[in-house]
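In the part that follows, the structures are each spelled out as structure tokens.
Note that chain A is present in both complexes that follow, paired respectively with chain B and with chain C.
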Partner chain A sequence: MGKRVGMEVSIAAAEVVGLCDVDVIAAYPITPQTHIVEHLSELVADGHLDAEFVPVESEHSAMSTCVGAAAAGARTFTSTSSQGYALMAEICYIASSLRLPIVMAVANRALSAPINIWNDHSDMMMARDTGWIQTVAENGQEVVDLLLHAYRVAEDPRVLLPVMVNLDGFTLTHMIEPIWLPDKDEVQRYLPPYKPQIRLDPRNPMTFGPVGMPEVYTEAKKAQDEAMNGALPVIVEAWQEFEKQFGRSYHPVETYKTEGAEILLLTVGSVSETAMTAVDKMRAQGRNVGLVRLRLWRPFPAKELVNVLKTAKAVAVVDRAMAFSTRSGPLCTEVKAALYDHGVSPYVQNYIAGLGGRDVTVEDFEMMAAKTSDGLAKGLPMGYEIVNVRE
Partner chain B sequence: MGIAAEALKDFKGFNPKKLPEVEPLSPGHRACQGCGEILALRQVLKALGENVIVASATGCMEIVTSPFPQTAWRVPWIHVAFENAAAVISGVESAYKALNRKGRINQPDVVFLAYGGDGGTADIGLQALSGALERGHNFIYVCLDNEAYMNTGIQRSSSTPYGAMTTTSPPGKKSIGQRTWKKNVAYIAAAHGIPYVATASPAFALDLMNKVKKAAMIPGPAYLHIYSPCPTGWRHETDLAIEVARLAVQSKVFPLYEVIDGKWILSRKIAKPKPVSEYFKVQRRFRHLTEKDIEEIQRRVDEEYEELLRRCAMSGEPEKKEAEEAKED
Partner chain C sequence: MSWKDLALGCTLTEPGTAARLRTGDWRSMRPVTNYELCNKCGQCYIFCPDMVYSRTAEGYYEANYFYCKGCGICARECPKDAIQMVQEEK
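For the complex of A and B:
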């Protein structure tokens, strides 16, 4: 049986990766991801985890080492943040195109400049087109659960794509929370041993990563697109199996007090818990506000999202990164596209909040809901606002 | 006795009369006519045999051997990117270590080879190479040095020799061509204190293959810097690759040596060196140089060779004479 422990979320993340019996961990330190790989290195050093810990000289090499190890048939793990992600991004594209089931935890952090080590979603958003499956945790328990889920999905022969588990830097990575940690038997029941279908093996030589001429490149990308879209039902199925075994349920799009709500807040990540408190407060005041949380960022669950947004009159989309787009953050751009595709057109207001570690408070969410409601009533143009900017 | 010397106790060289028949790198690839690099790579693979996994950097040898759906590789081969062959092979080697230890596979004798051109080694890949050497993975890194970015159209690299013409180091009224002296990656590799470093040339095939075999026998990282003539980029006749490679050695431009457990050993002493001008003459990339330029280059080539001799003398290892070596080749 597993146990309930009080534990820093990063330590719990490392513990569950250890329970997944990874074979190769490649690691380069970057704040605020460091505690995850530090603890993994301890597990290896103390003999609790039989794995190769490869202390590489850069994040670029961390992902390259994971690619080599995964291609050789090993279960692999790495973790990064922000600038580190930016450095490894080149190889992230290749990891997904080579269909290697690597799992990576991204401790979400702002990108330079100005240099800033605190939390926002700039790295997660930069990673959105790399062909990785991306899930997002709201608390420590979810980090543990989603990492376990990540290996199960990545290694499913119907998927074979790398998975990124996003957790907010500091606000999650450095928090001590009560966490239910599964034991080895439970993990093994959920996660079968990794059996690669093909691997780098002199007894059965294969060429990995050949040149793709114009006649084949498009087809290769189409195959990848199909794999990504085809992953959605497998991701859901793996969550259903998870719920059966562990009792905790996950969905691509999750809702909180959305019944009959006219105004919906849409959030991603740990800030959702603050938003829940705000919703509780507003509901108590008789305001018809609900919350939608995006659990799965890639593949983008457009249909599921539109299904919950379509009954609302207005949606306040809370982005935690910039896109320099059509007056819209990266999440909101995608949400609007999904709504348009499905012929649904609620009033959408976009808020860019919590950049570079700026707090997003209960009052902020109340303000966003109120402004959205006001904009809807007055017929103000849809657009976006960077909240709490000191002018 | 050092790690390498211990591993090489019972070393037997290839027999010139009976070379391995195995061709892990098959014919039918798309290298340019007269390519010296593919010859060198073929010799490397023949020496290693078939129990090998290869990681390739982006470059000529990657492009010409793997246009999907064709492949020239009869052994497992992976290409990921330009600058990370050493990091990729680190992962492959680590995976084999873990999987063997955990009993999930039983393949303890696989050889791990990473190779790249001079751009992927001396420039963009130097960091990943240094990291992998420093971490001590059991692998061989081969730099196939054709002295420029040939795959993208002959642009200069830090391994392009002083004075050479490339498309980004063109000679002109205010330029001699390449303005910097060739970066010495073999010395850089040796400075990592790894058990085995060597230079080799496809013109001395047995020497090259024996060095590859040694690199495979020695545990830990091994670095081989292999001179790889490029008729397209160097503007020499397509039947002259081996001749050019031989002249580079005979003129002391590219001396052959080994560094075993930190001991420097000259592979062949050049008793009667040919002038650098003779080596330059067969290539059009140097034809703009004046006699004075060539004199200056000759002076520096001589100096560097003397420096190499000093290193070898300090290591106290016997030098092979040219004549003895010639018999072997």
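For the complex of A and C:
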């Protein structure tokens, strides 16, 4: 049986990765991801985990090592943040195109300049088109659960794609929380041993990553797109299995007090817990406000999201990254596209909040809901604003 | 070939398939050897980056146009000026 512990979330993340019997961990330390890989290196050094820990000289090498190891059939792990992700990005495209089931925890942090080590979603959004599956955790328990889920999904023969588990830097990585940590038996019951479909093996030589001439590149990308689309039902199935075994349920799109809600807030990540408090407060005041939380960013669950949003009169999309000059955050752009595709057109306001670690408070969410409600009532143009920016 | 026919991750599962890649398609100039000038020194064979040249029974060296990319190194290195680069015809 597992046990309930009070533990820093980064340490818990490392513990669960250790329980997953990883073979190769390659990492370069970067704030606020550091504690995750530090603890993994301790687990290996102390003999608790039989794995190769490769302390590489850059994130580019970390992902390159993971690609090589995964191609040879190893279960691999790495973790990064912000500029580290940016340096790694080149190889991230290769990992997904080669269909290697690497798992990576990204401790979300703002991108420079100015240099900022605090949390927002710039790195997650930069990663959105790399062909990785991306899930997002709201609290420490979810980090542990989603990492376990990540290996099961990534290695499923129907998927074989790398998975990125996003957790907010500091607000999650450095918090001590009560966490239910599974034991080895429970992990093994949920996560079967990794059996590669194809791998580098001198006894059966093959070529990974050959040149793709114009005659074949388009087809290769189509195949990758189909793999990503096909991952969605497998992700949901793995969450259903997870619920059966551990009792905690996850869905691509999750809702909180959305029954009869006229105004819906849409959030991603740990800020959702603040948003829940705000919704509780507004509901107590008799305002019809609910919350939608996006758990799965890639594959983008457009249909599931539209199904939830279509009953509302107005939606306030809360982005935590910039998409310069588009008058919309990256999340809102995709939400609007999904709504348009499905012929649904609620009133949509976009708020950019919490950049570079700026606090997003209960009052901020109340303000967003009130402004959205006001804009709807007065028929104002659908807007975009950076919350609390000083003019 | 449909996208459905591609191997996982566009992997080449058959070893040695690069041998079937017709790199000669890239060529705009082809090397032609004048065997009356050739003294069988083998410099073309040695310098060819693509192992295009092979030795014939008479000891001359012959280019395999299936692979020859027309880089012209053989013509430049030939001490007897026996190899001329000739425009490929359409």
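Basically, the second predicted complex is superposed on the first by the 390 of 391 C-alpha atoms of A that agree within 3 Å, B and C clash if a C-alpha of one lies under 4 Å from a C-alpha of the other, contacts with A are read in each partner's own complex, and residues count from 1 in each chain.
Throughout what follows, contacts are C-beta pairs under 8 Å (C-beta built on N, C-alpha and C of every residue); 3 or more make two chains touch, one makes a residue touch a chain.
Remember, predicted model here, so these are calculated numbers, not experimental data.
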item: Fit or clash between chain C and chain B when superposed on chain A; value: clash
item: Which partner reaches more residues of chain A (counting touched residues only), chain B or chain C; value: B
item: Touched partner set for A:Leu160, first chain B, second chain C, both or neither; value: second
item: Partner chain in contact with A:Asp374 - chain B first, chain C second, else both or neither; value: neither
item: First, second, both or neither for A:Leu100, with chain B first and chain C second; value: second
item: Partner chain in contact with A:Asp359 - chain B first, chain C second, else both or neither; value: neither
item: Partner chain(s) touched by A:Gln197 [first = chain B, second = chain C, both, neither]; value: second
item: Touched partner set for A:Thr76, first chain B, second chain C, both or neither; value: first
item: Touched partner set for A:Asp185, first chain B, second chain C, both or neither; value: neither
item: Touched partner set for A:Glu219, first chain B, second chain C, both or neither; value: second
item: First (chain B), second (chain C), both or neither touched by A:Asp341; value: neither
item: Overlapping contact positions on chain A, where the chain C interface meets the chain B interface; value: 98, 205-210, 212, 216
item: Chain C to chain A touching residues, read off their complex; value: 1-4, 6-15, 17-18
item: Residues on chain A engaged by chain B in the complex (per definition of touch); value: 23-24, 26, 50-52, 54-58, 60-61, 64-74, 76, 90-91, 94, 98, 200-213, 216
item: Touching residues on chain A, where the partner in the complex is chain C; value: 97-100, 160, 197-198, 205-210, 212, 216, 218-220, 222-223, 226
item: Of all residues in chain B, those that touch chain A in their complex; value: 50-53, 55, 62-63, 66-69, 71, 73-81, 83-84, 87-99, 101-102, 104-105, 107, 110, 127-128, 130-132, 134-135
